[in-house]
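Next come the structures, one after another.
Each of the two complexes below includes subunit A, the first together with subunit B, the second together with subunit C.
Here is the complex of A and B:
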């Protein structure tokens, strides 16, 4: 450990720490553009100048490692004047059209200019013009005039994905970020360059000009796209419902978790939340197939489901849970299954095409909570059938009541004809899920689930890390969180009043399932905890 | 050999030996990128995008990073150039002593603008910053040779001497 003084305050940090990070520990922000803790140091933007001891010239904080007894000042007139000059340089060719720039509101040129701007610009010459609105790939668009050449995006493609698509071409005031002619920015993590771009040079083709960022509300969440469980932030637009074509989820952004995803998420996850505002969302409980379907209220639906479950012997009922349900949902389902002594229970459905996987973040298992379903025990009971077995038994009329959660079985690895036959053969088919699909249209009863951003809960990732996600927006229509639906059905079977909050379900889970013993929402904090394997 | 566009970029085994030698000279072999690009330009006349990709392969670099280097230096030609390159200095001393007249004369004689190449592929005309020979201003560089104290007649003599 190394002890040093920054702006008169002592701090002890690990050897090798740079001055920006050491100052951050004291709550002192050293302005910077090119430095990013996840990337190599470029020393390109020159904004992080600080004074060291009696050294007459300010030095960059990003590339200066701490030393014992070092005296750093980040607030002297010389430092402030230097910042102002550097900002002046950065803005020489930068357009002054923040009102029409999509980055406005989250632009570090704006933020630092408020504090360190010159306000009386001295530039009288014509600005250098460069290409604008250049698509770099399917997600990223470049405005070369807004670029300050910090090279974060170049380093990201070199160091994180190893794909090296981007470079800084030409020189002097003609320098610009670009792709090798004819190539595309098409790596599976491409949109992270939008997050790390400190200015409006790289923006998101999906998000730009959809909503102003200051209208967004945010909630901490977990990406449900695969079993990695990347930590994310959900940005929702509810204050300007007429913007963004009614899409409430405006965008998903990575949230730092040193143990899971660091600063990044993959593009598949980032753009995978569209189903939440899709036209296929189920908005109300319904009974009756196809054209004959009629919407009913929950107060009518819950007793209907309970009476259906009572009509059949336990070995005539199959339950196909989903590895995308939260731990809270799975626990209440498990409780109900145990109470009814059902034996045909499973959650595994093989995908039609095996998922892709890499050595960065992407996992082949495209379900958020497979590990949770394993730990909570949603597999077949002794003598019970697995998912495939249940379908066969349904075709043979041995299973008469089938309750499927979320799965689109027609998009699974099993032959469509077999699945279709099974679904037609059962006397009572209950579908519970957030979106309609080929399976839901065949159901006698449809129970609409809230999407993950519409409720609280936890997922257990592939390495057994239990992570919380928070409600970002109200459930669509009459949809309810799966645990709420299951709690009400449980009540109909005398399992007590339904839990009031997701946290109550988790408490009950922690009290009854050994791997979760001792855990609580408070204990999980923002970044989760690994349960005993 | 540098018929526009259709040059197959590949070094001979002997040239590849030279590439390996250059790469071995430095602790980080990437440092040999400049001399290897010069070799490309010597052999193929200019550095095409295909050549950049070929060189990227020799260094296990992404083509974008080779493109960075090629676009940074003005002495790398990205388009086929003439058999001879004339670079007229336009910096202060030469400017004061008549570089503009020299350039105007050359443009008229060659029938090309700055940056252009004569249709017969004989000469490429450039206008450049200081070549460090103010004592003979106004001056120009023709291929590897400096010519100074220029006048209209001297420029004509230089042009007549070019094959």
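Here is the complex of A and C:
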């Protein structure tokens, strides 16, 4: 550890820390553009100037490592003047097109101009012109005039993905970000450059002109796209429902978690939330197949489901849970399964094509909560069948009632004909999920689930980290969180009043399932906890 | 007439050949050096007061001393033959007229610092110098002066000649290293300095062609002899590239204690056609300019520093009374705007901005506040950048305007 003084306050930090991070520890912000804690030091923007000891010449904080007894000032007249000058240099060739820029409202040029700029503009000459609205790939669009050439995007592609698509071409004030010839920004993490671009140079083609950022509300969440469980923020637009074509989820952004995803998420996850506002969402409970289907209320549906489950012997019922259900849901399902002494229970359905995986974040298991389903015990009970066995038994009319959560079995590795035959053969097919799919249309009963952004809950990632996600918007239509549906069905079987909150389910889980013992929502905080092995 | 050291053979036909170099005492310094301990050579270079002749004027022996002691991996010697500073053309003469002098200096210097690979980074436009120097390298290999076990001393050295692609910034030592590494010629952040982490991550010494050419003479004739040729703080002679309005432009080798007046009037023959002298840039375009009555200064590093300018690359640009200083500044400003590597914000943005302002003034669209804006922008940007390029540009920006403000104002009030 190294002790130093910044603006008269003492701080102790690890050796190798730079001045920007050391100051951050004291709540002192050293403004910066090119520095990013996840990337190498570039020292290009020159905004992070501080004064060191008696050196009259300010030095950059990003490339200065702390030293014992160092005296740093971030607030001297010289530092403030230098900052102001650097802000002016950053802006002389900037097009100042904030009114039509998606970054407005979260742009570090705007923020720092107000804090550290506020000079009288002196630049009267023609600005340098550069390409505008250039798609770099399927997700990212470039406005080179807005670019401040901090090189963060270049370093991201060089250092994080190792794909090296981007470079800075030409020289002087004609320098320009661009793609190397023949390249496209198509790596699986491409859209992270949008997040780290401090200005409106790289914006999101998907979010382009959709909503002004100051209308967005945010909630902390977990990406459900694979078993990594990257921490994200969900940005929703409910204040201007006429914007963004009625899509409430406007964008997903990475949220820092040192242990899971650091600053990044993959593109598949970032754009994987589209199903929430998709036309295929199931908005109301329904009974009857195809044309004959009629929507009913939950008061009518819950007793119907209960009576169906009572009609069959336990070994005539198959339950196919989903590894995308939250721990809370899975726990209530397990409770019901145990109560009804059902034995044919599983959650594993092999995908048609194996998932891609890499050494950065992406995991081959595209389910958010496989580990949770394993730990809570949603596998076959003694003497019970696994998912594939259940389908065979259904075709052979040994299983007569099948309750499928979320899975689109027609998109699985199993032959479509086999699946179709099984679904047609069962007397009672219950489908519970957020969106309609190939199998939901064959269901006798449809129970609409709220999507993960419409409710609270937790997922357990591949390494056993239990992480919370928070509700960002109300459930669509009459849909309910899976735990609420299961709680009501449980009530019909005399399992007591349904839990009022997801947290109550988690408490009950922690009290009864050993790996979760001792955990609570409070304990999990924002970054989650790894369950005992 | 002072003794010629580096240029002593320039007038001889075949001065670039190994045969002639040997005849005139060449490679005698090498023989002596290889019998010395490497540290003794560095010591001698320190005592000789040899200062870098590429631009910064840093004491050469001191720089060599920054190398980590007992470094286990490779150490590189890099010769800066990029010669991009406007008004400078001396390294070209050395490469063309006496390439073996550079090679001998390189072998001795590499031996002193423990390098077994030396790179020579030659300005891309220098086709002829490159050809001649490459031929000399081949000759040296054939003669056993390069390669394994040089002169049966057990010392190995390979020389790699690398051509630049035409960027001024690739003369800045870390920009040069980036370029040598195959990257865009962007200067690197310091620290770490090249002596600690340079080319390909290895400790590296970058020296100018002329600096290294002096080393064999220091070894042969002694540090004290070399030191005695110059001033208290800088030894030896150096090559002054004189251009512009003089009777005899060219390269002059003189002790560094020569004055600018002597150089312009006695050696270069003074201003032609009876015109009056207006100003002189003493050290390449990045040096602040001196007016006609400021030329009684010695042309050593410290003499010019005390005069508020710099010795730089010793490119002496002479301007007579017909020169419009505002136009001269516009040309210089265009150069810096064009050559800024664009990596760091203050330099990238203000070189372009200042050029636009100077051009506007020349085009008769100047505004009263422009001059103060240029001065303010230059002062605010100075010292904030990654490399010394921008500070080099600030030299002319400020001195041209401060010393000839009336000429600018005359254009503005029109």
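Simple rule for what comes next: the second predicted complex is superposed on the first by the 531 of 533 C-alpha atoms of A that agree within 3 Å, B and C clash if a C-alpha of one lies under 4 Å from a C-alpha of the other, contacts with A are read in each partner's own complex, and residues count from 1 in each chain.
We take it that a contact is a pair of C-beta atoms (placed from the backbone, for glycine too) under 8 Å apart; a residue touches a chain by one contact, two chains touch by 3 or more.
A quick note: this is a predicted structure, and the numbers were derived from the prediction, not measured.
Colleague: Given the alignment on subunit A, is it a clash or a fit between subunit B and subunit C?
Modeller: clash
Colleague: Taking the superposition as given, does A:164 touch the first partner, subunit B, the second, subunit C, both, or neither?
Modeller: first
Colleague: So in the superposed three-chain picture, is A:68 touching just subunit B, just subunit C, both, or none of them (first/second/both/neither)?
Modeller: After superposition on chain A, A:68 lies in contact with neither partner.
Colleague: Given the superposition on chain A, which partner contacts more residues in subunit A: subunit B or subunit C?
Modeller: C
Colleague: A:41 in the overlay: touching subunit B, subunit C, both, or neither? Say first, second, both or neither.
Modeller: A:41 contacts subunit C only, not subunit B.
Colleague: Go through the superposed model and pick first if A:120 touches only subunit B, second if only subunit C, both, or neither.
Modeller: Touch partners of A:120: none, neither subunit B nor subunit C.
Colleague: Using the touch definition from the top, say if A:92 reaches subunit B (first), subunit C (second), both or neither.
Modeller: It touches subunit C, and subunit B stays clear.
Colleague: Once the shared chain is lined up, is A:183 touching subunit B (first), subunit C (second), both, or neither of them?
Modeller: first
Colleague: Scan A:10 for contacts with subunit B and subunit C and give back first, second, both or neither.
Modeller: So A:10 meets neither subunit B nor subunit C here.
Colleague: Applying the touch criterion given at the start, work out whether A:291 contacts subunit B, subunit C, both or neither, answering first, second, both or neither.
Modeller: Neither partner.
Colleague: Do subunit B and subunit C land on any of the same subunit A residues, and which?
Modeller: Of subunit A, residues 167-168, 170-171 contact subunit B in one complex and subunit C in the other.
Colleague: Within their complex, state which residues of subunit C touch subunit A.
Modeller: So the residues of subunit C in touch with subunit A come to 167, 169, 184, 189, 191, 337-346, 348-353, 356-357, 360, 367, 369, 373, 377, 380-381, 383-386.
Colleague: Tell me, which parts of subunit A touch subunit B in their complex?
Modeller: Listed in rising order, the residues are 158, 163-171, 178-183.
Colleague: In their complex, what parts of subunit A are in touch with subunit C?
Modeller: 41-47, 49, 57-58, 63, 81-82, 85-86, 89-90, 92-93, 122-126, 128, 148-149, 167-168, 170-175
Colleague: So in the complex, which bits of subunit B are touching subunit A?
Modeller: Spelled out, the residues of subunit B in touch with subunit A are 49, 52-53, 61-65, 67-68, 71-72.
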